[in-house]
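When the chains are written out, they are named A, B and C in that same order, and each has its own residue count from 1.
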């Protein structure tokens, strides 16, 4: 498997996209520092990038890469190589190079300007989101043989989790606002990895936002060790579940 | 060596393979023929594990191949249309394949030499013509001394000289006692390299016998004629039964 | 009356009669404070030596100067009020009061001052007292540099740190109050000055006053109090250079203004509070040059407020800068710095050329449905706010700052 990962990495580097992505993140982070020296504001701006751009880039790039690697996958599968290894190699190589790009692009400027605890959280949640959306992208990719369709499905995932889901959540809150909704909304948040990452970050950055009776409830939950364990395991679940599902489909897929 | 039992494959509503049962033995060379869409490629891909059958089983040396992958160590495969990582150089491709199948100490580079592929080692795959690509595919298939060789349309798109080189190689491997499965539209080529014939039509095996007995049955000397006669006989038979 | 005047008066008065000094201590001739108080003539001085004095309730009805050496401990043994004073011209200094009784009917205090004037209470320490310093119907009192600490677990087990009722001309300076119900409590206290005090970690309010007109608060810090600072039913208050910090909680405010009129609230800092300022039924106040930083809501302006002027404040990194529950615009909001302002300044006069609307639709949504706070910083909220800014539908269209500052003001 390590041998295959090597070649996937090689292929990823050839496309240069990962390098562009790193450069983009670097430029953004440096620009935020130039515009505003305040760490809090820089991290907040990066939070928007993390919640919007990282999932989008991860999901689209992974899907395109999967279809561009179709020949490679076909070639490998005619060889004495396990399907699982091929799939995992592709997955690990894409996810780790995207994460690396994110960590380098955001982390380097902070190394220069001085690190800060929320930055670490930002990096960790960013990496988590990257893996989640690479998983979702692979899932979308094995669902169909049509590249355009797969990209469509992948974009839909992104659109759903970053916008539609929150709209539905707002609707639920609006409709049932007369009832105590804390537990319900808490579990609904857990069903969206982007929301989960956002809440974890907000707890680090501007807790003031989460004040008031309702906010205090969420803060107590997510601020506790149990809450952190809860968020981390849910994010892990969001990574593993689509990935396992995709691998199962891939194992039975006709090439 | 390879035993296929009531193999069935459906793509949605389309039945690509319909109750295919077939024994393939070592030392023989099978010509797999039939019109387009008759299920030849699907059958080959099933043997390679690229296509997962709907029902039925394939045994390779008496072991089922479903979800197994180690048996492919014994197969050399030349696809109909060779699809390779487009950014890779030819040399890197060979390097990678050797790397991926490290078990074999000694590799068979006869075709590599014969086709003079060394000269284009630094070219990228996307820059190759269809014929050159076929040469690469062929060289890769023979590279690892695999006891089973599956060649999907090996001569299509090759220039006459290369066709002859490839044929020689195939005959030579056949003599070494390997199992060969070859599909081709160019029946003349098959005449020289195949000993058995499997004729497929609409996902079913219509005929499976040695080429010699086929020729005897149809009273023809040439394989092309023999097959044409066979098809005509079958059509006649069908119209009668209907 | 000034401090100098008071000292002069004391001096004149003490030279009039011969003043004696009484030393109280375990090894002295006078072993009990009670005894010394009985023996002393008005104007005498009592020096209390170090030690623990358990003398129940001490009642002082003549002008005396009582000084502690190395903080002698006056122990109320969890059942008594320690000092009850009904006399003018008293000085209490350098004493340590511990363990007053706790009673729900009588407000037991470490020092209770009734109908007295010209009294100084300075440099004392208070530990585990029900009420610390309790003043009623008194005037011209100086409460300076005292330290009050209590560790109550619930509101009804504890009284206020510095409690004043119907007083005037009081100076409260440089005291530290921690762990009481209200740090500083005023009811009907007028013409008083409260400076450089530190009120932290009190169960309810750091500062709580009602009907206390013409008072001035300067340079105080109110931190981590259960519900922040609440001021009500008062006019002509001046609050300058105070710091309201970290008053978190479901109903906590940096500063709650309820029925406050004609007051000045300037140069204060509101940092990390659930609500920076909550205003209700207040009018004609001047809120200027304050710093609102990292609050949940910087300013909650209820519709019952009118004619307030909110000018030249800095609003930075608050979740919501301004929310209101009405649609009428009765207050003036002008020339503030808003870090969310995205306008431009073509004529370079450091004032934005397009008005800023500080009320966001998301803020309005959260007002109605608090659970919606979970969507804070999501893409959806971003889009909603942008759309609303372009075409106000739900937020009051005329509520805006017509001359927003381009850069934050430097108040230091």
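The definition used in the following text is that a residue touches a chain if its C-beta (ideal position, glycine included) is under 8 Å from a C-beta of that chain, and two chains touch if they have at least 3 such contacts.
Predicted model only: the values in this text are computed from it and were never measured.
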Check: Which chain pair shows the largest tally of C-beta contacts?
Finding: A-C
Check: If you take the mean of the Cα atoms for each chain, which one ends up farthest from subunit A?
Finding: C
Next item on the list: Just give me the whole-number Å value for how far the CA centre of subunit B lies from that of subunit C.
Entry: 91
Next item on the list: Find the geometric centre of each of subunit A and subunit C from their Cα atoms only, then give the gap between the two centres in Å, rounded to an integer.
Entry: 47
Check: So what's the Cα centroid distance for subunit A and subunit B, whole Å?
Finding: 43
Next item on the list: Can you check the complex and tell me which residues of subunit A touch subunit C?
Entry: 40-41, 44, 47-48, 51-52, 162-163, 166-167, 169-170, 173-174, 177, 181-182, 185, 189, 194-195, 198-199, 201-202, 206, 208-216, 218
Checklist line | Residues of subunit C touching subunit A in the complex | finding: 248-252, 272-274, 294-296, 317-319, 365, 368-383
Checklist line | Interface residues, subunit B side, partner subunit A - complex | finding: 11, 45, 48-52, 67, 69-73, 75, 77, 79, 83-88, 96-97, 99-101, 103
Check: Can you list the subunit A residues touching subunit B in their complex?
Finding: 3-4, 7, 11, 14-15, 69-72, 74-83, 251-255
